[in-house]
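This report refers to the structure that appears directly beneath it.
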Amino acid sequence: MSILVDRQTRLLVQGITGREGSFHTAQMIEYGTNVVAGVTPGGAGKTVHGVPVFNTVEEAVRETGANTSIIYVPARFAPDAIYEAVDAGIALIVCITENIPTLDMVKVYHYVKQSGSRLIGPNCPGLITPGQAKVGIMPGYIHTPGPVGLVSRSGTLTYEVVHALTQAGLGQSTAVGIGGDPIIGTSFVDVLGMFEADPATRAIVMIGEIGGTDEERAAEYIKAHVSKPVVGFIAGRTAPPGKRMGHAGAIISGGQGTAAEKIAALNAAGVPVAESAQQVAELVREALG
Amino acid sequence: MNIHEYQAAEILKGYGIPINQGIVATTPDEVAAAAGQLGGTVVIKAQVHTGGRGKAGGVKLAHSPEEAREVGSRILGMDIRGHTVHKVLVAPGVNIAREYYLGVVIDRAARGITIMASSAGGVDIEEVARETPEKIHREAAHPFLGFHDYQARRLAFRLGIEPDLVGGFARIARQLFEAFVQSDASLAEINPLVLTADRTWLALDSKITIDDSALVRHPDLEQLRDLQEENATELEARAAGLSFVKLDGTIGCVVNGAGLSMATMDAIKRYGGEPANFLDVGGGASAEQVEKALRLVLADPNVRAVLINIFGGITRCDEVARGLLSAMDAVKPTVPFVIRLVGTNQDEGRRILADAGITVVDTMPEAAERVVAAAGAAA
Amino acid sequence: MSILVDRQTRLLVQGITGREGSFHTAQMIEYGTNVVAGVTPGGAGKTVHGVPVFNTVEEAVRETGANTSIIYVPARFAPDAIYEAVDAGIALIVCITENIPTLDMVKVYHYVKQSGSRLIGPNCPGLITPGQAKVGIMPGYIHTPGPVGLVSRSGTLTYEVVHALTQAGLGQSTAVGIGGDPIIGTSFVDVLGMFEADPATRAIVMIGEIGGTDEERAAEYIKAHVSKPVVGFIAGRTAPPGKRMGHAGAIISGGQGTAAEKIAALNAAGVPVAESAQQVAELVREALG
Amino acid sequence: MNIHEYQAAEILKGYGIPINQGIVATTPDEVAAAAGQLGGTVVIKAQVHTGGRGKAGGVKLAHSPEEAREVGSRILGMDIRGHTVHKVLVAPGVNIAREYYLGVVIDRAARGITIMASSAGGVDIEEVARETPEKIHREAAHPFLGFHDYQARRLAFRLGIEPDLVGGFARIARQLFEAFVQSDASLAEINPLVLTADRTWLALDSKITIDDSALVRHPDLEQLRDLQEENATELEARAAGLSFVKLDGTIGCVVNGAGLSMATMDAIKRYGGEPANFLDVGGGASAEQVEKALRLVLADPNVRAVLINIFGGITRCDEVARGLLSAMDAVKPTVPFVIRLVGTNQDEGRRILADAGITVVDTMPEAAERVVAAAGAAA
């Protein structure tokens, strides 16, 4: 077991003929992901790494039964790509694209919410269920199957933690990068609920960063609904207010979103917050007994 | 992106909001001329991308062109929270009956847009939010349909505005919302929005922040960028596609990934050091990006040591190592540096660097400890 | 029994201080409708025919428990008035206003549909449950309680039919004017379903007119779902194509929406279509046996 | 409201759609001058608010200014389905490779906006819909978010348009949708939208109908109204707040309510008569409205008898009767008329009319039968 992606995942790549889309399609196939289709308007009839390309998502779904989509199209076109995936009934949509304007995401978020689809991202590395399916841009080899569920707003920092877990002999059920933007389709709370319900997950690692109050909400949620052990990690203790730290969402504004507040909230919910990736692994090991 | 008060006012004016039209001046003579042109009492306001101008002495009245020249000469060139004042706005004095706050913001928790209003105008709204939150009234815009007229009126009624003034207030609230949406703002506020002694509405001070990700579709707004207000290194970094934030410490950081960059800064701090910058070279960590990054970091005279922290993911560590070598070779850093390189093919990568006489450390805590020590030794 | 409005109706009048709103408030009160509140922005503290006025619908609902609203505000402000009523949780919203632009109604229609509210109209005379509540502008005195449910796109033509029914000794359960616009909140099908489920309704009269295909859909619905006798009446047999016959919705365009098609569809569904109000009464009497 | 082809083209041009820019002419000389200015082959098209111009001979080619003058003199003044041609559009001839249909309409059944496209362009789309419905492709716009880009592209793919031309087609489809929405249209179509021999897109003929209820917020579009194209009586009726449609029969109708008006016309027809008009005086049936209505109806020389059918609802029949009397007194109709008056206080109302020597009938069938007989006798 695992969450969101597994051997049943039939992946569609939106923007498959682009540089990023093509490169990561090869990487995902190499990892063992079942990539069944690609979409590039006007690209119908082509194949990319053996994957058939269609003009529209609707056609790709009809012809291949794709149930998950990963989006590599530029920011200008990404909201439309998400709308197209939603309207075609794709159950899980993973948007890698960075720099989508926030007001576009306000609409996209509520559009997806009113539909039967789930959106991961945007501006995220995607997600992986080790040994089953990689739907993202993370280095697959650092992962190994196991009992730890990860959820993170970050990219390389997640790899860092996964790497430390793997080196410590702690495999992962699923690792989900929810994205570094102010408005994202799937929040910590959503993923925490899924890990809580997933029999394969025995401990959860939550990697947050400055900006917004989603970590604080997650803390409340953990206190009320999560029985499994959770270990936290929060980046940006030294970040100055008012400055965007790379991610559009990583900004302390109006006195809200500091690391200190998030750490305090997690601690109050009984979640220990580590100071390094190695310490995350240690805390997880302790929690698993 | 931040823009100046006078630029924000011009935008709001374009949406029909009555503003207190002033004149921008960059020299004391221009200030005096503007005051003469406007006549009567004027207010002279420093135009800088930071709050707290008033407390810092950046906002002053003047009752004559001569006084205005004198006040202007004091404000121009002044330093406010690290920002040098290059421009002032000279605006007519206004006979104020009441002051309100009106703002439109991205509400991250609600994944939407919130319109806020308060009868506690003219003061720091964050302070109001902390101390008398009941004085702030909020309306959530519909994600698709926007801000309904009835919501704008409801805000006015909640503020206790008299029936004959409700229409005017509601119109300004809708216009501010429209300006926010059309400009792809993340913040648009009027503080204070005043009711003058003759019962008309006037936006006395306005602030707009534009969503950086949306600037690409607003070339007109991009034109409003004030290069004097921005850190030269940050500008250069943006041009090079790097994410860079200048800080006050002594340890330069070159990291791939935003979260990892912050975590690296945190680690440095934990070992008693102070990071000199945030710098994300992007996920791939190509040789060109690393070289540019190193140049930017080393341009800071405060930097006494550099920590390069790369997680080789899709890009293999041996490639990253070769890129690092060529970058180091090109830049020839004169301060000590510590390299941490982890990920795919890390042994091969470390061997390449070792062959070049460069030691690579294994973990972030170790790297942080070493670079802090190196910076201390270099000091 | 009856549908939509009855003695439990607690009516709010939006635009109560206007000429129309004030006049019809008096008429509705006189009929016995429980008018509990009015809204006119800036009118708080006033009373109109003894009814307290509020600035916002939210306040009126909180203070008076209004559950139904009737809207008399001008076309420019009517969509906003509907949004306000929906957002305040009003269950039944009746919009009398004429000449609301169609593209405004596209948004309003779907907004209401996604909410828990029901909209009747716009451009409608409202609805009445004889002897219980009149929420509209129809002359109350022509109605009498009884077993016939009426649903109509028209105003005076409905009065004509009601009058004929009453004269023939056939009372009405509820008479609903759904409105003459191209896009209306509640369709024939919606009301037919309610009459079918209403024990007090033993026969149904459906008064259609040229334009659109809602009568055809109603015919299909009747065939499949309505067990009670239905009598039809369709105005506009002689209307020329391409000309708007008063109501914005009464227009034959693109060869669609003719009376002949509607009559044929109703006949095919077993619904006799009368040629006069008197004949409607005769057919209803026959149907009731 | 209907507008002319050349006006629709100007609107679409404003949204970026490539149109075949022509010149409007109202005299044969102007037609010749326009042809000379454009050079080469031109097409001369009657500008009238009706379809079927081509079949009626209202669209012709000319290969020289002289021929254009001659063609223009034939088309100008021509009658097309009851519309006199006052203007023609002279447009450059185009080398057409393929013709498409592209339209945006209100979809009443879906309570939304539908975008339609067909590769059967240049012919009557209603005929295509009847005979080869599979050739029409449809996309439903989202009620709040509008027409997604992917839907515009999907239409192009379904039409079999080549990849390199899809972007251009999709852009025009989105621009047409935008024009539709911004103009509060009930119909906006390009037929044909052509692909020229040099593979560029061109809107050859366009049509826009504006929602009458929305004209109040589009004063610029209201300016496009062509008074020459509208029936004088209908214009007068609209100015008076009456709803009036001219028909070809001999029996004038004055009725309160649109549905009742149509039902009255139907009743007249059932008894062998032909209504001369549709006329709704509104629900209230005030004396002034009835008087205006009577004047309008009697202005039609074809009218041989008038049926006044009023349902007294909120307005009592005695008041209506008094109003009717004063209206009749003012207008003094010279043709026979039949009055039916039903509703509140109908006995009192009828007594008032009876006292004035006017008989009132009871039911609509009776009224219709009588007025048809009266018109027959008057013939």
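Here the chain labels run A, B, C and D in written order, and each chain numbers its own residues starting at 1.
Here is the rule we use: a contact is a pair of C-beta atoms (placed from the backbone, for glycine too) under 8 Å apart; a residue touches a chain by one contact, two chains touch by 3 or more.
Keep in mind it's a predicted model, so treat the numbers as computed, not measured.
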{"item": "Most widely separated chain from chain C, with each centre as the mean of CA atoms", "value": "B"}
{"item": "Contact-richer chain pair (by C-beta pairs counted) among C-D and B-C", "value": "C-D"}
{"item": "CA centroid of chain A to CA centroid of chain B, Å", "value": "28"}
{"item": "Separation of chain A from chain D, taking each centre as the mean of its C-alpha atoms, in whole Å", "value": "55"}
{"item": "Multi-partner residues of chain B (each touching 2 or more other chains)", "value": "144-145"}
{"item": "Multi-chain contact residues (two or more partners), chain A", "value": "107"}
{"item": "Graph class of chain-chain contacts, one of line, ring, star, complete, other", "value": "other"}
{"item": "Chain pairs in mutual contact under the definition given at the outset", "value": "A-B, A-D, B-C, B-D, C-D"}
{"item": "List of chain A residues in touch with chain D within their complex", "value": "41-44, 55-58, 77, 80-81, 83-84, 87, 107, 111"}
{"item": "Footprint of chain C on chain D - complex, ascending", "value": "106, 108-109, 111-113, 126, 129-130, 143-144, 181, 184, 186, 211-214, 216-217, 243, 245, 247, 255-263, 265-270, 275, 278, 280, 283, 311-314, 342-344, 363-365"}
{"item": "Chain A to chain B touching residues, read off their complex", "value": "27, 75-76, 99-107, 109-110, 125, 137-139, 141-142, 152-160, 163, 180, 182-183, 207, 209-214, 217, 233, 235-240, 243-250, 254-255, 259, 275-278"}
{"item": "Residues of chain B touching chain C in the complex", "value": "145, 148-150, 153-154, 157, 163-164, 166"}
{"item": "Chain D - residues contacting chain B, complex", "value": "144-145"}
